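Shared chain: chain A. Partners: chain B in the first complex, chain C in the second.
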Partner chain A sequence: MYNHTVARLTYRALLGRRRALILCALPVLLLVIAAAIRAMTGADDQTAADVLGGFALATMVPLIGVIAGTGAIGPEIDDGSVVYLLAKPVKRPTIIFTKLLVAIGVSVAFSAVPTLIAGFLLNGNSQQIAVAYAVAAAVASIAYSAIFLLLGTVTRHAVVVGLVYALVWEALFGSIVDGARTLSVQQWALALAQKIGADGAISSAVGLPLALVLLIGVTVVATWYAGQKLRSLTVAGDD
Partner chain B sequence: MTTIHIDNVSRWFGNVVAVNDVSMRVGPGVTGLLGPNGAGKSTLINMMGGFLAPSTGAVTLDGATIWRNEGIYRHIGIVPEREGMYDFLTGREFVVANAELHGLGAEEARRALATVEMEHAQDRKIATYSKGMRQRVKMASALVHDPAVLLLDEPFNGMDPRQRMQLMDLLRRMGADGRTVLFSSHILEEVEQLAAHIEVIVAGRHAASGDFRKIRRLMTDRPHRYLVRSSDDRALAAALIADPSTAGIEVDLGEGALHIQAVDFARFTEFLPRVARDRSIRLYAVSPSDESLESVFSYLVAA
Partner chain C sequence: MSPETRSGTKAAAAPAADVIHNIGYRNYDGPRLGRAYARRSLFSQSLRGAYGLGRSAKSKVLPMILLAVMCAPAVILVAVTITTQQEKLPVQYTRYAVLLQGVIGLFLAAQAPQSVSRDLRYKSVPLYFSRPIERVDYVVAKFAAMASALFMLTGVPLVILYIGALLAKLDFVDQTKGFAQGIVSVALLSLLFAGIGLVVAALTPRRGFGVAAVIAVLTISYGAVSTIQGIADTQGSTDVIPWLGLFSPITVIDGVQTAFLSASSSFPGGYGPSAGQGVVYVIVLLGLIAGAYGLLMRRYRKVGL
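What follows is the complex of A and B.
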């Protein structure tokens, strides 16, 4: 199910100079904000939860997910280089699964790890807030990677669709509109954070069992469907 | 595995029919796929390469369906027309990656790069390559697993004459080795120089198949033009014009040659040497002046 060559090609494409800069920008911003707040106001649990929930989990994690998930396959489909992967006796689900693992690795490295560091900077992991949000960011990264990887196989406008989803649905509706919360990766991840954090420190609109079922279900279905899409990927020619 | 079978294949995109009920066999040797822009050549090659499903009909390699069959790529090598090819890799890294995806290694990649004579630039990034160099590295990636079938979409695009000659030699050798080599091209001289066998696609339809000279001759209702030089052009012209196989003759005094328009190919090719022999006229040159693929093409498109 894993192909080392596909992984190598994917992470080298993902961590190319320009994309790596974009991937670094948000975590650096988070760390700067965290350090600045700590310096100005001192350690405060509520502020830590607000920053990690409002910026890290609601905005940074889905954006990193869009860049890593769609970037793991979208550019190859756009420029036609995916032909060199497809014209090989390698099973399509293997290609997708390998790309998913790389996208998850990159997302976790650029979102969950900075979230953990930012949490420690903000309040030294008081009430387990840093660890809780870092785990939530890691779990959300997995689901986002699968969703955006699928998006990369079904539309050439994956980045735009992904950004709209990340910014409008997750960052806006997922935070403020009740109904949308149930269908928000952010809220599913928060359910896990709620369990890890101290009582009352973090809250989610979704119960943990449902959140876990939805996280696993969405990840599995998106990955499976992306494999199916890749099996039938049409490479249009210029006649 | 060496023969691609295309059976009653059509492919449409929305309301546009790109390929219309085409049937053909592409077997060992070099075959040229020829047609004007928009004729459906790339659509056909994409179907043969498994990147496009036929709307109707079947595309198979010795009985095995190509579409959605990744195992088929053990036997097929593909040189796509598009330029996207992991520009951040060096040529060597790119070919090694292609070898690895076939379960092979650096040795096979080295051999493929040597075949296309790209060792000298193999450690440069692909982004720095000229179009001809990119084309040769694409070739190496397609040859790395020593495939029985090689499909090339406009492979000579952007190559300089020397590179073009090299690639032609390589493809000729591969065809002579018994591989099935199919390439599309809109440069008629290339097809003429390289492929004994052509498949002509015009407006999505399979217009002709076979040796292009034979195709030309099959169209007996079309005039054939010849340029003839002889020891006595005037006497030869007088004898030929009396025969119904010849529709017109122009005596070109400046060039010292006859421009002959023949309407019955078989009869004319028998009649010309006989009449020359009977009248003791020496023939210095007899060459078809309109048997380029361009003229074959224009006849087929007009027909």
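What follows is the complex of A and C.
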């Protein structure tokens, strides 16, 4: 189920040349903000939860998920070079699974790890806030990677669709319509964070068992379906 | 070219064994439309392309949906104003674009790479420069087209609001003043966003990365600024809030219109910049637009060849 060459190629496509710098910019910004706020206001649990929840989990994690998830396969399909990969005797679900692993690795490295460090910078992990949000970021990264990898195989406008989901659905509808939150990766991840963090420090709109089932279900189904889509992929260049 | 001339020339000079025959190719001697025409064409093609006109049906879907999403709240607001006989519109003209900044951002992210990234990827930039246009023409045309597209996107809802307000018999002078201020504000917003979007998009020939990068620049900067502003507000250090607003595009616009276009600020707690700080905002705004233009010129100095 894992092919080293595919992994190496995907890794280089994601982090090659200047792209690693772009991906680095987001976590660096988070750390700078965290350090600045700590210097400005001192350690405060509510502030830490605001920054980690409002900026790290709500904005940074989905963006990195979109970049890593669609970037793992989208550009290849876009410029047609995926046919050279598909022509090799490698099973297509294997290709998807390998790319998913790389996307997860990249997004966890660039979102969960900085979240953890930022949490420690902000309040030194009091009330387990740093660990809770880091775990939430890691779990959300996995689900986002799978979803956006699937989007990359389904549509040529994967990035736009992914951003519409991440920004419009999760941020806008999630804050207005309560029901929309049940279908939000961010809320599922928050449910896990709620469990880890101290009582009342973090709140989620979804219960933990439902959140776990949905997280795992979405990840598995998205990966499986992406493999199926890749089996019947037609490479068309119209745009 | 007529066959007679060709056979005529052949017959006149009794052909030697190895001579290069004049087969009658002629130079173009019709009217040449020149640089201004090429620049105008590039502008109109880019502007149409931003809304998917002249492209496939699939590429019309997204811009048209975004335009509809942009206009729908204006129509609803007007309907509410008329049916409930309000004294004024529920939303200021200047506030409208700030509220719907997500839609504007998505439009820019989807269309700016479409406008410039594909030219880089398919290496058609050198073909443009083989026409009688200069680098400055290309940059100006693309910049103007993107800004005009954004101006249409943000201006049309204001026009709807204005017409609706007049139909609802609201105060004419009041509404016209607000409308004019709103138009100035969205014009500045269009220029700023177009500049930022094109600079980011022109860096990468990959459309997907361009889309992600543009939206990242807009949302990350806004997310960071509004998070810190919110914390500064709860911590009571309200005098830093206006200065923080300088670090993201939409808050710069918000600050300028708060200071000079009598808008109410959307900063946390409503702590917008004073007139003095507003001058700094205007300088930053103009500097960003000019900087975007300069960066684009610099970028196309290399890729044009």
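The rule is simple: the second predicted complex is superposed on the first by the 232 of 239 C-alpha atoms of A that agree within 3 Å, B and C clash if a C-alpha of one lies under 4 Å from a C-alpha of the other, contacts with A are read in each partner's own complex, and residues count from 1 in each chain.
Going forward, a residue touches a chain if its C-beta (ideal position, glycine included) is under 8 Å from a C-beta of that chain, and two chains touch if they have at least 3 such contacts.
In this text, all values refer to a predicted model and were calculated from it rather than measured experimentally.
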Exercise. After lining both complexes up on chain A, report clash or fit for chain B versus chain C.
Key: fit
Exercise. Pick one for A:89: touches chain B only (first), chain C only (second), both, or neither.
Key: first
Quiz item: Should A:164 be classified as contacting the first partner (chain B), the second (chain C), both, or neither?
Solution: second
Quiz item: How wide is the angle at the Cα centre of chain A, looking out to the Cα centres of chain B and chain C, in steps of 10 degrees?
Solution: 70
Quiz item: Is A:234 touching the first partner chain B, the second partner chain C, both, or neither of them?
Solution: first
Self-check item: First, second, both or neither for A:66, with chain B first and chain C second
Solution: second
Quiz item: In the superposed arrangement, does A:47 touch chain B (first), chain C (second), both or neither?
Solution: second
Practice problem: Could you say whether A:31 touches chain B, chain C, both of them, or neither, answering first, second, both or neither? | Solution: neither
Practice problem: Please work out whether A:117 is in contact with chain B alone, chain C alone, both, or neither, and reply first, second, both or neither. | Solution: neither
Exercise. In the overlay, answer first, second, both or neither for which of chain B and chain C A:58 touches.
Key: second
Exercise. Considering only the touch criterion stated at the top, classify A:22 as touching first (chain B), second (chain C), both, or neither.
Key: second
Practice problem: Look across chain B and chain C in the superposition and give the shortest C-alpha distance you find, in Å. | Solution: 8
Quiz item: Of all the chain A residues, which ones make contact with chain B and with chain C?
Solution: 78-79, 238-239
Self-check item: Interfacial residue positions of chain A with respect to chain C in the complex
Solution: 19, 22, 26, 29, 33, 36-37, 40-41, 46-47, 50-51, 54-55, 58-60, 63, 66-67, 70-71, 74-75, 78-79, 157-160, 163-164, 167-168, 171-172, 238-239
Exercise. Flag every residue of chain C that touches chain A in the complex, lowest number first.
Key: 55-56, 58-59, 62, 102, 105-106, 109-110, 118, 121, 206-209, 211-213, 215-216, 219-220, 223-224, 227-228, 230-232, 234-235, 237
Quiz item: What residues of chain A sit close enough to touch chain B in their complex?
Solution: 3-6, 8-9, 12-13, 16, 76, 78-81, 83-92, 231-239
Quiz item: In their shared complex, at which residues does chain B touch chain A?
Solution: 18, 37-43, 45-46, 49-53, 68, 70-74, 76-78, 80-86, 88-89, 97-98, 100-103, 141-142, 153
